[in-house]
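Next come two complexes, and both contain chain A; in the first it sits with chain B, in the second with chain C.
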Partner chain A sequence: MIRMTVSLICLILLSAGIGYAEPTGRDIMVKVDEVDNSRDAVMSSMMVIERGNSKLVRRMESRTKQYGESLKDERTLIRFVEPADVHDTAYLTWSYDDPEREDDMWVYLPAESLVRRISGGGKKGAFMRSDLANEDIEDRAVDDDEHTLTGEEEVSGVACYVVESVPRPELKKDTNYSKRVQFIRKDLYLPARIDYYNKRGKLLKTATFGGYKQIDGIWTVTRFLYETPRRKTRTLLQRSNISYNQGLGDALFLQNNLMR
Partner chain B sequence: MVRHFTGVSAISQTARILALLISLLIPLTGARGDESPPDVEAEEIEVSGNGIKGDPFADDDLFSSDFADDSSEAQVPQNRVKLELRGYLESRNRLRTTDSGLMSTRQRLWLEGHGGYGATEAVGAEPPLRVFVSGAVDLDPAAADLSDDHDTARIYLEEAFLTVDRPGWNAVIGRKIHRIGTGDGINPLDLINPLDYRDPFATGKSDARLPVLLGLATINLSVSGSFQEANLDVIVVPLAQVNQLNSPGSAWESPGLQKLRAGHREGAYVLEDQKEPDRAFDQAEVAVRLAATLSGWDLSLIGFYGYLDSPVFEREYRSGPGVMQTLYITPIHPDFSAFGFAFAKGLDRSTLRGELALKPDLPVMTKDNSLPGFSRTTVMEGVLGIDRTFGTNLYVNLQYFFSRTSEAEYLISDTWAHGITYDVHDTFLRDDLEAGVRGIVGFTGQGWSFETYAEYQLADDWLFQGSLLFFEGSESGAYGQFGDNDMVTLRVRYSF
Partner chain C sequence: MDNTHNNAPGGGQDNFWYRLTANIIRFRWLWLIGVIGVTAIFFSQMSKVRFDNSSDIWFVEGHSAIKAKERFDNAFGNAEFTLLLFTRERTPFTAENLEAMSSLTERFMETVPYARKVTWLGNVEQIQGVEGREQEVLIEDFLAVIPETRAKIDKRLKEALVEPELVDNLISRDGTVLTMLIELDTYPGEEEDSNPRYTVAEAVNAVLAEEAYSGLKPYVAGSPHFSYEYDALAKQQTSKLFMLIILVMAVLLLWLARGPRGIVVPLLITIIAVFWTIGTIGAIGFTMNLLSIALPTMLICVGIGDSMHGITAFHDYVDRGESRIDALKKAFGEVGGPIMLTSLTTAAGSLAYLTTFVKPYREMGVYIACGVFYAFVLTVILTPILYSFGKKYPKPSRKRNNKESAGDFFDRWLQLVYRVVVKHPRTIIVFFSTILIVTFWGFTNIKVESNTAKLVFKSQPLRQTMDIIDERLGTNFSLEYLLNTGEESGIKDPEFMGKLDKLMVMAEEHPLVTKATSVTTVLKKIRRALNGNDPDFYALPESRDALAQYLFLYESSGGSTLDMLVGFTYDQARLSLKMKSLDTYDARKLSDFMHANIDTLFTDGEVEIIEAGGMRNYLALNDILFEGQRNSFIAALSVITLVMIIVLRSFKLGLISMIPNVLPVFATMGFMGLFGFYLDVITISFAAVIIGVAVDDSIHFFTRFKSEFSRTGNYENALKSTLGSVGRPLTFTTMILVIGNGVFLFSYLLGFFKLGLLFGVAFTWALMADFFFASALIMILKPLGPELPGPASIEKENK
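The block that comes next holds the complex of A and B.
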C-alpha cells in the first residue's frame, strides 16, 4: 500500500511537474492569438506620424469578422477618412489561417471609381508613409513564424516572456524582418514591446504597446508607439470606439460593399 | 480488525494525501488553464495611476495632445445623419513641347460631399441611404483660346448619386462613372462611360471617362462550396452617352477629323453635325454582369447592349435642288452588342488580370467610298496583364492587348492589332516621392505613348507633380495621331 501511495505521489508530482513546465514560444503565441476571441470588431484608428517638425495624420475605420470552423480566417475592411486625398479609399482583405492559401485583397480607388484586386506584393512597403510596414497591420498566423522562448524580462515594471519569432523559411522573402523579439506580458498575454530586426540582424524599429483596456470582456491594446531610430521618425497609433461582437453581417465584407 | 482498520487507515491516508495534493495542484494548474480573462476588479491585474500596471502610456501626455479630438469621438448612433464636405484646389498647366504653346492652364476648385441617413446594421456600418455629390469650378483660359471644347470658366456637376443599401441587394441611381473591366487602361468591356473628350488621357496609359446618368442594381447571390462571393449587377443607362467629337482647333482633334472638316470647307461634301442618341429609353444602354469569387479568382461574365462611343461616318448621297447629288457624311453612333469575360487572380506577389470581349456586328468604317461608309463585322478584343511588386515598392505592370477583326480587307481596321501597356514606378524619400514611367506601345501601326513622371507629397495636404508625355507614330495611329501634343504637365494640388 505504501508502495502504491508513493507511486501515486510520484505520478502526481510528475504530472504536476509537466503542468508547471515552461511553456514553449509557440504556446505563448497561441495564447496571445487567443486573447481576442471576438467574432467581429469595429474600431476607429488615428495615426500621427512625426517626421522632424512635420506631422502627418491618418484616420481610418475598420471592421473585422472571423470566419471558418475555428474562427481563424478573417475578413477586414479598412476605409480611410484622412488625409483628404485618400478619403474613402478602402481595402478589403480576406486572410486565411492556412499558410498555404493566398490572401484575397481588393482596393477601392474612389477617384477612379474602381475596385481592383491586388496582391500581397507590397507587404514590405510602409503603411501610409508611417513607421509601420503593411505587414505590421495584417493578421499574422501563429505558424507563419517559428517561436522560441528565450527568457523572461520586466518591461515597464511587469513580467514578460521574451519570445523570438523568426519567419518560416518559405516566408522570409515576404518580410522586412529577420526576426521579431516579442515581450509578452505574463498577466494579459498581450505584447508590451516588439523589437524588429532587419535582414542584416540589426535593430530596425521598436513598437511599444499600452493603453490596455478590457472592452466587452476582451483585453485590448489601444495605444502603439513605433519608433525607427535610423530614420528619426515615430508613429503614434491610437484605436478608439472599439466594440466587439456586434453581429456584423457578411455583406459588409464583400467587394460589392467597397464602393461608396 | 486491526489489519482491516490498518488497511482502511492506509487507504484513507493515501486518499487524504491525494486529496491534499490535488487541492494544491488545482488552483495552480487552473490559473494556467483558466480561459477567462484576468480581471482588474478581482485584483488579478494591478492598477497603477490611470491605467493598469505596466502601461507606458497611462500617465504620460504623449497621446493626449494629438489624439485629444479622437478620444472625444462618440459611438456611432444607430440612426444618424452624416454629412461631410471635402475637396481640393489645383493648378494644372500643360505646355506643348513642339511649339511651346500652352494647351491648358486649368485652375480647379473641386468639392465633394457625402451624406448618409438611416439605422445602421451594426456599429460602424454605413447608413443604408447614402448620397454622394461632386462638382467643380474650372478656369482654363488657354484651352478656351484653342477651341470651343472649353469655356474660360465652367461650373459643373461631376457625379451625383443616391445609394440604397439593403440586406441582400443595393441600388444606385444618379450620375456616375461605373467601371466593370479588370484591365489597366485598356478595357474592352468598359462600355458605359464615354471618353472625356476635353482631357482624354488621364495618364500615358489610361483614358479619362465621363459620368452618365444610370441606374445600377446589385443582388448578392447565395454561395456555397468553393464560391466565396457572387453578385448579379444590372446597369441601365436610360439615354446612351457617347464620345463627343472635338471642336476645330482642339488639341485633341484628330488629323482624320481635321481632314474631314477641310473637305467640308472645300465643298467636296457636307459634313453634318454629330448625331448622338437623343431618345431616352428608346436609345438606352443595358449591361448585365454576373460576378463571382471562386478559390481566389475574380470571374465575371458580362453582356452589353448599347451605342458605339466613337462615331462611324455614315455616307449618303442626297439629291440637291438640281440633278446633282451631294455626298453627306454624318457622324453616327449605331447600336451593337458585346459579350465578354473578365478575371483577376492574386498570385503570391503578382496579380493576373484579363478581359476578353466578343463584339459581333460591330460597326467599323470601310476603306473605300462605298455606302453607307461603314460595315458590320465581328471583332474580338482581349487584354492579359500581370503586375508585381519587387523589393519594397518597385511596382511593375505589363499588359498585352489585341483585337482581331473579321473581314478586315474591306475595313480600315487591320485583321490583327496588338500592343502592350507598361507602368514601372518606385518610391523614394521615405515614400514622399513617387517616380516612374508608363505608356502604351502598339505593334501594328497604332504608334506609342510614353510618360515619365514624378510626384512629391509635402505633408498631407500638398501634392507637386511633373510629367513629360510623348506621342509618336503614324498620323493614322491611335497614339501617333497626337504626335504634335507632346507635353509637359505641372500640377500643384492642395487637398482639404
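The block that comes next holds the complex of A and C.
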C-alpha cells in the first residue's frame, strides 16, 4: 500500500514535472520557425548601410512562396529598386529544408539582358556591403545548429528566453560564427536581439529587432538594426507593405520569367 | 717631451669648477645619495620605454606619406597582413600537408585576434562559366576537395598557374611556393591593445607551434612579424652590443688607465648616463627604434672621454706631488670648463638633427644630447667623489715622472708627429687639401639607398624570408594609387573605368612590375564567366548600368574583397602594383613612369590621385634622408664654427679649427660618394655626429695651443707643448672611439656594421687632421699673429 502510494505520488510529481517542464532550446527554435506559417509573402525592404559618415541606400521588393509537403522549402524573388543603376536587377533562390541539398540561385542583369544560374558560392560574405552576412538572410534550418536554453532575461522590458545556437560541426566551415546568442520573446516567439560571436568567441555584431506587427494574423518583425562596433558600421533594415497569403502564382518563381 | 703642466696656470685655483669640486668632496655622501636617488627614479622609468618599428617611424607627423597612408586605411581598411610562405622543399605539397594547411585557415580564424579573412589556394573563390552549359556560372573554392594523390595535386597546381590572379599571389609562378594570407581588421585603440602587431605575431606563432601544424614550417612575413622580429633582433643586439662595448672599454682602460679605479669609474659613469638617458626616454614618452640600438654604444664612446680627461689631469697633479684632494680640485678646476664645452658642442652636433624631418634622427639627436649632458654632469660629480677615497698622497707614476726617458709608445708617436709637421708643413697641406677637395666633390655625389628591408645580414631568418618573397614571388614592394572621383558612384562611369583599366594594363606591362590589381580585373573576369568563359568577353562592360550591375553582382557575392578595391560609396578606386625590391633609382623611374601615364590619361584633373604604399614611403624616405643629412650637417657645421670662433676668440683660428672637423666627414662619406657606394638609412645620418665628436679633439687641441702660444710666443714650441700635454689624452680618446665603435662590426644589421667601419675611419681622420693638417696650417698661416721675441724664438733663430 505504502509502496503504491509512493509510486503514485512519484507519478503525479513526474507528470507534473513534465507538464511544466522548461522547453528545450530546440523546442523554442522550432516555435520561432513556426511563427511565420504563411504560404506566401510580399514585402518592400529598405536597407541603410552606414560606415562613418557615408551611407548607402538599397531598396528592394521581395516575394516568397513556401513549397514542399511541410511547406519548409522556399522560393524567393528579390527585385532591386534602388540604386537606380541596378533597378530591376533580380535574384531568384530556391532553398530546401534538406540540409544535404544545395540551394538553387539565378541572377538577372537587365543591362545585359542576361539570366544566369549561379551554383556554389560562399555564405560567409557580406550581403551588399552591409553588416549582414549572406548566411544571416538565408532561411536557416532549425537543425543546422544545436540550441541550448541558457536562461531568461529581459530585453527592453520584455521577457525573453536566451538560447545559445552553435553550428553543427560539419557546418563550421561555412559560417563566420562560433555561436549566436538569441534572445527570443516569450510572448511572440520572435527574436528581440541576437548576439553574433566570431570564431575566436568574441562578440562580433549585434542585431536588435523591433517594429513587431501583427499582419494578416502573423506576428512580424519590421525593423532590424545590425551593428558591428569594431568596424564602426551599422545597417538598418526596414520592411513595409507586407502582406501574406496573397496566392502568388508559381510562374513568378521560374527563371524563365526573371526577364519580365 | 716635457710635462707642460709645470708652468700651467694652476688649474684655476678659485674658479667655479674648483669651488664646485671642493663642495662635492666635502659633502660627498650627500652628493652620492643624490645621484643614487636620481638613478633610482630614472631606473623606474626605464620599463616605460616602448619600441617602435612601425613602417612610418621615419616620418614626422603631418608628412604627406603618413597622410596618404591614413587616406588609404580609411578607404580600404587595414593594409597590414600576415603572409605565410610554404616552399616545396620545406613543405612538400602532399595531401597530408595540404589538409593541414586547410585546417590551419580555420585555426587562424579561431585564434588570431583581428584576423578578418584567411585565404590560400584551397579556399580562394573562383568564378567561372561551366563547361558546356552557357547559362551557368560556378562559384567555387579552388581546392574544394584536396586531391588524394600527388599526381592529381600537381595537376591542380598546374591549373592554378594559368589563373592570373592566383599567380604571384597565392602560388609562385614556378609553382614552388604556396602562400596563405591573413587579412586583418582595423586595430583597436592603444588603450585596448598597446601593440596589436605583437598580439597578431604571437598568436600566429602559437598556432604554428601546435603539433598538428609543426610539420608545415612556413616562412612568415608581413608587418606584424617583421616588426616583432626586428624588435627582438634589435633588443638582442642592443644588449649584446652593450655588453661588448663595456668589455672592450674595460680592456682598453686596463691598458690606458692607471689602476682598477681608472677602469671602474669611467665605465660606471657612462653606464649610469645610459640608464639616465633611457629613463628619460621612458619618462617623456618617446620611443626607441631601430636606430636607438646604437645609443648605449655611442653614449659610452662619447661620454668616456670626459672622465678620461678628468682622471688624466688628476694624475698629472698627483705626479707633481699634490695631495689627493688638492689634485682633484685643481684637476677639475682645470678640465671642468673644457669638458663642459666639448659636451656642449657634441650636444649641439646631435641637436642639429632637429632641423631634419626624419623622426628617428630627431629623437636620436635628443637622446645623444641628453646622454652627453648626463655623462658630463656625472663625470663632474662622481669622479671627484670616487677618487677622494684613499691615501692622502697617492703614489705618483714612476715611468712618466722620469723626465729623462723617451717616454712610452705614445710619447714617441707624438714626437714623430711634431717632427713631421715642423719639417714638411707644405707637403702635408698639399696632401690633405687634395683629399679634402676630391672627397668634397664625392660628398656632393652621395647616393642614398633607403630600402630598409635589406638592412639585415643574409644569415638572419628575417632576411631569408624577404629574399624568398623577392626571388620566387617578386612581390616585396607595393605601390598603391587611390583614384578619387569625389562623388558617390563616380567610379561607375565607363570612361573612368576604361582609364583605370588602361593605367593598370600599362603598369602591368612595365618590366619592373610583377602584378597589377584593380576592380577592373574582377569585372572583366565576372563578365567572361557570365558569358560562357568566352575570351572575347574579357573586357569591361560598356554602359554605366551594366558596370553597376556587374559590380552589384560581385558585391552581393561577398563584399570583403570589394572593400579592398573600391571605396564604400563607389567614389574611389584602388590600383595596387607589386614588384621586387627595387633600388632607389629604379623605384623612382617606375614612379615617374606611372605619373606620366596618369597625367596623359586623367587630363581634366577631376580625379584626385594619391600615391602610397611601401615603395612610395621608401622614395619619400629617400628624399627626407637626403635633405635631413644636408640640413643637420649644415646646422652642426654653423653652430660649431660659431662656438669655435667664440671659444678661441679668433676668427681665423676658429675657421682653421673647423678644417679637421669637416675633413673626416668628407673623407668617409665623400669617399663613398666618389666610388658610388650607397649610404643607407643608418650610415647617412652620422655626418653631424662625426662633427660633434671630432670637434672635441679640436677644442682640446686649439684651446691648449692658444694658451701655449700666448705663453711661449712661438708657433713651433706651442705645438710641441700642445702635443705633449693634450696629444696623449686625444690619442687615447680617439682609440677608444675607434675601437669602441668597432663593436658595431659584430652587429647583424648591415647598416651598423658599415657604421662601425665609417666611424673608425672618420675618427682616425679627425685626429690625423688635428695633429697634421691643422698644425701644418698654423705653421704656415700663423693665425695668431707674428711670433714674439722671447727665449724660444731666439733659440729658434740661433738654430
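Operating definition for what follows: the second predicted complex is superposed on the first by the 244 of 260 C-alpha atoms of A that agree within 3 Å, B and C clash if a C-alpha of one lies under 4 Å from a C-alpha of the other, contacts with A are read in each partner's own complex, and residues count from 1 in each chain.
To be clear about the criterion, contacts are C-beta pairs under 8 Å (C-beta built on N, C-alpha and C of every residue); 3 or more make two chains touch, one makes a residue touch a chain.
Just so you know, these numbers come straight off a predicted model, no measurement behind them.
J.: By residue count, which of the two partners contacts chain A more extensively, chain B or chain C?
T.: Of chain B and chain C, more residues of chain A lie in contact with B.
J.: Which partner chains sit in contact with A:K199 here, chain B, chain C, both or neither? Use first/second/both/neither.
T.: second
J.: Would you sort A:E82 into first (chain B), second (chain C), both or neither based on which partner it touches?
T.: first
J.: Name the contact category of A:R26: first (chain B only), second (chain C only), both, or neither.
T.: neither
J.: On the A-aligned overlay, A:E102 touches which partner chain: chain B = first, chain C = second, or both, or neither?
T.: first
J.: Look at A:V57 in the shared chain and tell me whether it touches chain B only, chain C only, both, or neither; answer first, second, both or neither.
T.: First partner only, chain B.
J.: Using the superposition on chain A described above, determine whether A:K72 touches chain B (first), chain C (second), both, or neither.
T.: A:K72: touches no partner chain.
J.: In the superposed arrangement, which partner chain does A:E112 touch: chain B (first), chain C (second), both, or neither?
T.: The answer is both, since A:E112 touches chain B and chain C.
J.: Of the two partner chains, chain B (first) and chain C (second), which one does A:R39 touch, if any: first, second, both, or neither?
T.: A:R39: touches no partner chain.
J.: Check whether A:A126 is in contact with chain B, with chain C, with both or with neither, and answer first, second, both or neither.
T.: A:A126 sits against chain B and chain C alike.
J.: Name the residues of chain A shared by its contacts with chain B and its contacts with chain C.
T.: Of chain A, residues 51, 54-56, 83, 85, 112, 114, 116-122, 124-126, 129, 231 contact chain B in one complex and chain C in the other.
J.: What part of chain A is in contact with chain C in the complex they form?
T.: Those residues of chain A that touch chain C are 51-52, 54-56, 80, 83, 85-86, 89, 91, 107, 109-112, 114-122, 124-129, 134, 172-173, 178, 198-200, 230-231.
J.: For chain B, which residues count as touching chain A in their complex?
T.: Result: residues 7, 10-11, 13-14, 17-18, 21-22, 25, 28-29, 32, 35, 37-40, 44-45, 48, 51-58, 62-63, 66-67, 70-71, 73-76, 86-88, 114, 121-126, 130, 132, 159, 163, 165, 167-168, 170, 176-179, 182, 218, 220, 228-229, 231, 291, 293, 296, 298, 344-351, 353, 387-393, 395, 427, 430-432, 457, 459-461, 463, 493, 495-496 of chain B touch chain A.
J.: Quick check: in the complex, which residue numbers of chain C touch chain A?
T.: That would be residues 74, 106, 109-113, 115, 125, 130, 135-140, 185-186, 188, 489, 492, 530-531, 541, 543-550, 552-553, 555-560, 562-563, 568-569 of chain C.
J.: Would you pull the chain A residues touching chain B in the complex into a rising list?
T.: For chain A paired with chain B, touching residues are 1-2, 4-5, 8-9, 12-13, 16, 19-20, 34-35, 40, 42-44, 46, 48, 51, 54-57, 59, 61, 63, 82-85, 87-88, 94, 101-105, 112-114, 116-122, 124-126, 129, 155-158, 174, 176, 185, 187-188, 192, 208, 210-212, 214, 217-219, 223, 225, 231, 233, 236, 238, 240-241, 243, 246-249, 251-252, 254-257, 260.
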